[in-house]
Amino acid sequence: MSPRPAIDYADAAPEVRAVFDDIKRTRQVADVNNFWKYLAHDPPTLKRTWESIKEVMAPGALDALTKEMIYLAVSVTNGCGYCIASHSAAARKAGMTDKMFGELMAVVGMANETNRLANGYRVPIDPAFEQ
Amino acid sequence: MSPRPAIDYADAAPEVRAVFDDIKRTRQVADVNNFWKYLAHDPPTLKRTWESIKEVMAPGALDALTKEMIYLAVSVTNGCGYCIASHSAAARKAGMTDKMFGELMAVVGMANETNRLANGYRVPIDPAFEQ
Amino acid sequence: MSPRPAIDYADAAPEVRAVFDDIKRTRQVADVNNFWKYLAHDPPTLKRTWESIKEVMAPGALDALTKEMIYLAVSVTNGCGYCIASHSAAARKAGMTDKMFGELMAVVGMANETNRLANGYRVPIDPAFEQ
Amino acid sequence: MSPRPAIDYADAAPEVRAVFDDIKRTRQVADVNNFWKYLAHDPPTLKRTWESIKEVMAPGALDALTKEMIYLAVSVTNGCGYCIASHSAAARKAGMTDKMFGELMAVVGMANETNRLANGYRVPIDPAFEQ
Amino acid sequence: MSPRPAIDYADAAPEVRAVFDDIKRTRQVADVNNFWKYLAHDPPTLKRTWESIKEVMAPGALDALTKEMIYLAVSVTNGCGYCIASHSAAARKAGMTDKMFGELMAVVGMANETNRLANGYRVPIDPAFEQ
Amino acid sequence: MSPRPAIDYADAAPEVRAVFDDIKRTRQVADVNNFWKYLAHDPPTLKRTWESIKEVMAPGALDALTKEMIYLAVSVTNGCGYCIASHSAAARKAGMTDKMFGELMAVVGMANETNRLANGYRVPIDPAFEQ
């Protein structure tokens, strides 16, 4: 656990409340996650991170579920405990079934394995991949 | 570049040729990538890795394109040069457009950023994510 | 928690006590951190690691605070829970304010993001950076 | 090298040129680095990343040189070749001497070593670090 | 802790029980570790992973103890808490003494340090290593 | 390639030559690797790193070959190109055969895969591993 407390809505400065309000409105949730309550210790980072995530995670050429699964794949590769927990929940909310999660983990595991095989065997890039 | 040469089909042992033939048949390609020509130095790893990838990357609850993009997200996070090159090509072949690639990179970059913010602020996992 | 117990001063061999004494004297602390009490299971590593850290972390061309913040940046990037906790404390003791911590995290997060954008877009090194 | 070409100013769309102009003005340089010429393939990411970096890297509680050295510490830890090259140059431009670089590398190396010793010995966090 | 429960033998489907039985027989243990009870949520991954590990970890040109120590070195480098705990136990069962563990950690720490020194100094590969 | 030149013996200061001489004598080689010629830009790091490596890599409870293979396993996991090249050569010189290398890579790949499966499934540590 962190030695610094989370900053709850009731104790937040107006600039922090404005971000919390936008998160709650955008995500249709009653309260924001701990991640935001800790970033609130640094309001410029809170604001910038939320605005970037809102832009990046909005459905576009990729749908919301695909984006959440990619987020989870990165978090699992990095071994970020908080991020794995929160984005597993977010991906499930976006429609990820148990079967999809199982296949996602299988791909993530396999990619981490072959990344090292390519490193260890010092495989040169095929000319076809440069064109 | 690797100090060991790639093992081409013409020089390969029968057990290696059998795997190469299956890769070419499954992927409908004229020749296999360097990755397989280097793994051919260790036939049991070549066979096991190919059979695992064939099973893992087959369309299931997730389609082939989603799986390739997840593979690419992991490879970019790990900074594996060969894997980024080969799986960028594979994802494009499976239908990834420039716009999809751009959004994929944006999500991968953002996830790598917030993974560290969660680490640094030592954010405790929300009780809701444990249920 | 580790299955092996920490080795406290009272139970330590003379060669371990000598290192503990030097840590306490150098850092002006009443007791050493758990890190050293666990390394004490391997006295040569304890001695070598302490002497290296003492040399590396001493103020030189970079002051003590800058060095602690760099240490923390690495630990956050690697996701090492113990190291984040202990070097956050060490950096604060060396003078890091909340505002400095916030900016440090913002830089660490941004660097982890752009590292992956550079990987994914396969950006070639500018000739100017080679000179 | 990337299979996709850099997008130079002469070939860039107006929204890309606007970002390039702001980078050149802010950094007082004649041309932008390859990083920006590749991100130009995805204008929203180009714009968002530049605006974030401009905000994050501006001197505040930490000066510009300290921020560049932290950026470099992260890039070295992640092994991002492009980022190491470009931020070594940026740090030198901001005033990093050879001696400062040497000490920076020493701290980065030592932190990566002790991160693993803490992991391997499974060192529990000292109660004092939780307060 | 995971929000999903472990799948115990008593509640497992026949295809899962078959894998559990083979693990127990091969390793001569009364019950399987949590790792397998969680993978049991995805029977194809459970089966493929067990068969791969059984093949890879069998003594060959490298003995079982050496293989377990290499496994542990990777897990410590990645900071995977579960894997460090389980493979520390497995390596000890295979014969790793306290002294061997101490030397293993010393090598792992040193390799993680010099990996970053090589990155940061941008050391070009010696021609002799290419032959 | 690095923008700074390697420091060769002929151009080295006496304190650098002393380290180079000890490396050549200890390893029975005619010249030192590039790694040392680049560290020579910072003599204290050169000296400390060489003395640490000499102590850590000396045969003890683990023989020289096992230590080199562990070093290589870490370098492959981190994707450090220089370190993979130099420690592949060192491990071969210490007696690693093609077959041993193949098994080493198989273990490294598998450990990187299962590290992520353990992360993704959020597997809790078995009580037996805590004792």
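Think of it as A, B, C, D, E and F in the order they're written, each chain with its own count starting at 1.
The working rule: a residue touches a chain if its C-beta (ideal position, glycine included) is under 8 Å from a C-beta of that chain, and two chains touch if they have at least 3 such contacts.
Since the model is a prediction, treat every value here as computed from it, not as a measurement.
Chemist: Could you figure out which pair among A-F, D-F or A-C mirrors the D-E interface, over half of its contact pairs being identical by residue number?
Modeler: Checking each pair in A-F, D-F or A-C, only one repeats D-E, namely A-F.
Chemist: For chain C, which other chain has the most distant CA centre?
Modeler: Using the mean of the C-alpha atoms as each chain's centre, the farthest one from chain C is B.
Chemist: Relative to chain E, which chain has the most distant C-alpha mean position?
Modeler: D
Chemist: Could you give the separation in Å between the centres of chain A and chain D, each centre being the mean of its C-alpha atoms?
Modeler: 21
Chemist: From the C-alpha centre of chain B to that of chain F, how far is it in Å?
Modeler: 27
Chemist: Could you list the positions in chain F whose residues touch two or more of the other chains?
Modeler: 1, 3, 41, 44-45, 48-49, 52, 56, 77-81, 85, 88, 99, 102-106, 108-110, 112-115, 117, 119, 121-122, 129-130
Chemist: Using the touch definition up top, name the residues of chain C that touch chain B in the complex.
Modeler: Touching chain B from chain C are residues 72, 76-77, 79, 81, 84-85, 88, 104-105, 108-110, 112-117, 119-122.
Chemist: Under the touch definition given earlier, write down the residues of chain F that touch chain B in their complex.
Modeler: Spelled out, the residues of chain F in touch with chain B are 79, 85, 88, 98-99, 101-103, 105-106, 109.
Chemist: State the interface residues of chain C toward chain D in the complex, per the touch definition above.
Modeler: 1-4, 33-35, 38-39, 41, 45, 49, 52-53, 56-57, 60-62, 66-67, 69-71, 73-75, 77-78, 80-83, 85-89, 97, 99-100, 102-104, 106-108, 110-115, 117-119, 121-126, 128-130
Chemist: Which part of chain E faces chain A closely enough to touch in the complex?
Modeler: Listed in rising order, the residues are 3, 41-42, 44-45, 48-49, 78-80.
Chemist: Residue numbers of chain B touching chain E in their complex, please.
Modeler: Touch list, chain B to chain E: 1, 3, 44, 48, 52, 55-56, 129-131.
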